[in-house]
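Okay, here's the structure, questions in a sec.
By written order: A, B and C. Residues from 1 in each chain.
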Amino acid sequence: MAFTLKEIADMVGGEVMGDDQSMITGISSLHEGSKGEISFFADHRYKDAVKKTMATALLVSKAIDFFEGSQIVVPNPALAYVKVAGLFAPPVSKFSGLHPTAFIHESSEIGENVSIYPSVYVGEGVTIGNDVTLFPGVFIGERVKIGNNTRVYPNVTIRHDCIIGNEVIIHAGSVIGSDGFGFIRDGSVNIKVPQIGFVQIDDLVEIGANNTIDRAALGKTWIKRGVKTDNLVHVAHNVVIGEDTVIVAQTALGGSAQIGKGVTIGGQVAISDHVKIADGVMIGSQSGVGKPVSKGQIVSGTPAMPHRLWLKTRGLITRLPQATERLRNLERKMAQLEKLFKKDK
Amino acid sequence: MAFTLKEIADMVGGEVMGDDQSMITGISSLHEGSKGEISFFADHRYKDAVKKTMATALLVSKAIDFFEGSQIVVPNPALAYVKVAGLFAPPVSKFSGLHPTAFIHESSEIGENVSIYPSVYVGEGVTIGNDVTLFPGVFIGERVKIGNNTRVYPNVTIRHDCIIGNEVIIHAGSVIGSDGFGFIRDGSVNIKVPQIGFVQIDDLVEIGANNTIDRAALGKTWIKRGVKTDNLVHVAHNVVIGEDTVIVAQTALGGSAQIGKGVTIGGQVAISDHVKIADGVMIGSQSGVGKPVSKGQIVSGTPAMPHRLWLKTRGLITRLPQATERLRNLERKMAQLEKLFKKDK
Amino acid sequence: MAFTLKEIADMVGGEVMGDDQSMITGISSLHEGSKGEISFFADHRYKDAVKKTMATALLVSKAIDFFEGSQIVVPNPALAYVKVAGLFAPPVSKFSGLHPTAFIHESSEIGENVSIYPSVYVGEGVTIGNDVTLFPGVFIGERVKIGNNTRVYPNVTIRHDCIIGNEVIIHAGSVIGSDGFGFIRDGSVNIKVPQIGFVQIDDLVEIGANNTIDRAALGKTWIKRGVKTDNLVHVAHNVVIGEDTVIVAQTALGGSAQIGKGVTIGGQVAISDHVKIADGVMIGSQSGVGKPVSKGQIVSGTPAMPHRLWLKTRGLITRLPQATERLRNLERKMAQLEKLFKKDK
């Protein structure tokens, strides 16, 4: 694949500085750029990398004088880069039509231009929109609804009655609609509470690989529009996650936790049952959040505290041996002083 | 579906206060109850919710005077609720019989009324009891034994020689009998120690989604009767987990750890290799447990400490900056006093 | 299966002390040894176990006088034991040939003596070496290359363009080549950055169950020769892991992290994006590593600190209540002294 700089500039709505007929054959990072490739420059910390890169062209927010190649000036170079990257992405296959070794229940409704790979299972009463791709080993339980343009990667399980929106991506091995973890003690024995709710995943959500998103005990577990989860994330029953929230790998959200809009949660975080996180909150990785966090706060640590406080306390933790030594010194001096003072009297 | 209050009362062994012919068409939480639904009241903190609920009837432990609808008096309302919930659970499908696209080795023994979905693999010498369901994508390795009434959800892998009891539930994506993580160093290289044991899972165990339960190096990894694990739990080789123990999501049990009966382990806990946890212990979420914990103790934190101590220390961690300031003040004052004292002399 | 002690000694290059014709029918740990079994003794802490064991023979590094059975003297008894264990491992099945219910794209190249189980998917342009085993439910995306003698356990997903070496083992449920977690904010919305790189896994690597190893944004995520990962490990995009490094369960490596050779990383560790860990480093379990760690260091805790310091600080954390009490006492005494001193003047 090759495009002229002009073709690329037109696609991203930018202006070419330099030879607009030079051919671009790939994308690269600044550090790895080589001839024929285009990269982007958006962070002045990488000025030195620009000087050394062999890339033929750069996407920039305003023309720079420390780069000899061609430039495309665009308002947001990183965003433009994302669009250009799409041009050079390896072809993503799509199995055409419904493979005969897939099991597709006769009562299911399948949209147009749907791709169902071998070994897929589609249960009774399922509804699937247009342009959906179900990769091998995907399980779609009874009465599940899937919107248009959604991709479900291999070996994903979506259990009965869940609702998946449009343009959703679910990565391989994830489980949607497993039973919530609910038991009632009867003496020493734990009796299972039937989990009779479902999971709703709204448009433009992306779920990472090997996530587990439990169905609600009653009602729904709800992942709202534009949420993105990384790999191995756990979402317990009845959790609600607000629009455009981002959750990094191996984080766990306890039962009925309510996460606001535009929240950023780092990796390996634990949020306790029923805890409410307001809009725009940021939570540092490995935090343990047992109490509500109010709008726009940045918290870290276990127990979660304001991030600036955490930066101080974590430094002080590593200096606890010195602090203890100082305490011991003071105690010694105090004892001496007290002795002297009494003697003195 | 609809039942009279009397029918429900008879099922749970309760007594109706009010119109025993009123029709119940569903269950709900107190907060979401609407007409025709039944809920339960077991915790006096929710008294206000009772006053506001639109539910038609409540399960209660003794008659209450702040609710206008009907009541069913039962010894344990929560437990009765669980039974009623079962009445209204959505129909769970069961593929009838053995699907022709499943691979079932001719030497395997399959019980009565077994449901084997498409794309299941059942290996040589497998024994499967009655009323078992194997969902699509399930892999059953050589010589595995599965008892009666067990459900194995989609894309679960059970490797060779494992033993699964009666009325076991294994949620989607879990792996039973993967090799334990054992290597011996030979210079800089790690040589794999053959993992030639197996996993035994006893009756009434429920394993969450995307768990990994490793086979023993020798002998067995053993999950005893009634154990419940949440999602993404890791159980290393040769671990033993006692009866009725409950383990919350993303917890890891190190090799040969021995967990007692009736233990409760929170989420994201790490228990080190060979550590012994006695019966009835409770372990708070995100704890790091490197030492044995004796009977009935409640521990939290890293390193794990008595829970009450952890409640204090975690508060003190957030006050380390003030403590350090107090220490500095004392040091200043001490220096002044010492100076004055010497001058004074 | 049964072997004479002589046969076993010859296999491991050892010398028999005792009856070299006695029959060995199995292996065992020292603690569980019974008649006919062979175990090994390499750690003097287990001297008592040797005295009590019922094992018929022991592998030892030099002859011992506190064991009555036969002995095989070898330079490295643990390593010899590993070889002997291989003799007694249960037969691992191998489906012979390519099962007709597997989907194998006509353009793929399959080596000799390859075993492809039912419900496997092999995409367009795939190359598979000799003696490879693909268990049921395995997905191999377009243009993937797999070397010789590699085993891929059930329900593993290997997405397009990844490269897997020789003698690699990938345990059940793992996902190789899922999209890296990369987004660019456009207002409140997160735009997906196409992940157009791949994953390369070199020879002799073993990947645990339910791992997630993301493809690079550009270039490759690279797991080098001899690396071993335990279960539920997360490897983000563009990570590089050096030769013979070992990673315990539930650890997460952030994007572009660079891990050296011969590193040992405990369980539930989080390593931040772009962090560089030098060769031979050891990292304790549950650590949070946000900064580079230099060659040969041993670190633990959050934030990661030298292991010896962590051993001190973690003890001091549990004694924070006493330290606070001592601080309070000092403040009281100081106030008294100051008062007396002033009065005294």
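Quick notes on this one:
As a working rule, a residue touches a chain if its C-beta (ideal position, glycine included) is under 8 Å from a C-beta of that chain, and two chains touch if they have at least 3 such contacts.
The structure presented is a predicted model; accordingly, all values stated were derived computationally and were not measured.
Copies chain A and chain C of the same chain sequence form an interface built mainly from non-equivalent positions, shared numbers / all numbers used being under half.
Between chain B and chain C the CA-based rotation angle works out to 120°, given as a multiple of 5. Computed from the mean C-alpha positions, the centre of chain A lies at a distance of 25 Å from the centre of chain C. Of all residues in chain B, those touching 2 or more other chains are 101, 119, 137, 155, 173, 210, 232, 250, 268, 317, 323, 327, 330, 334, 337, 341, listed in ascending order. By the touch rule above, chain C contacts chain A in their complex via residues 101, 103, 119, 121, 123-124, 137, 139, 141-143, 155, 157, 159-161, 173-175, 178-179, 181, 183-184, 186, 188-194, 196, 210, 212, 214, 218-219, 232, 234, 236, 250, 252, 254, 268, 270, 272, 288, 301-303, 305, 309, 312-313, 316-317, 323, 326-327, 330, 333-334, 337, 340-341.
Note for the complex: chain B touches chain A at residues 27-29, 32, 76, 78-79, 82, 85-86, 88-93, 99, 101, 117-119, 135-137, 153-155, 169, 171-173, 206, 208-210, 226, 228, 230-232, 243-244, 246, 248-250, 261-262, 267-268, 285-286, 314-315, 317-318, 320-321, 323-324, 327, 330-331, 334, 337-338, 341.
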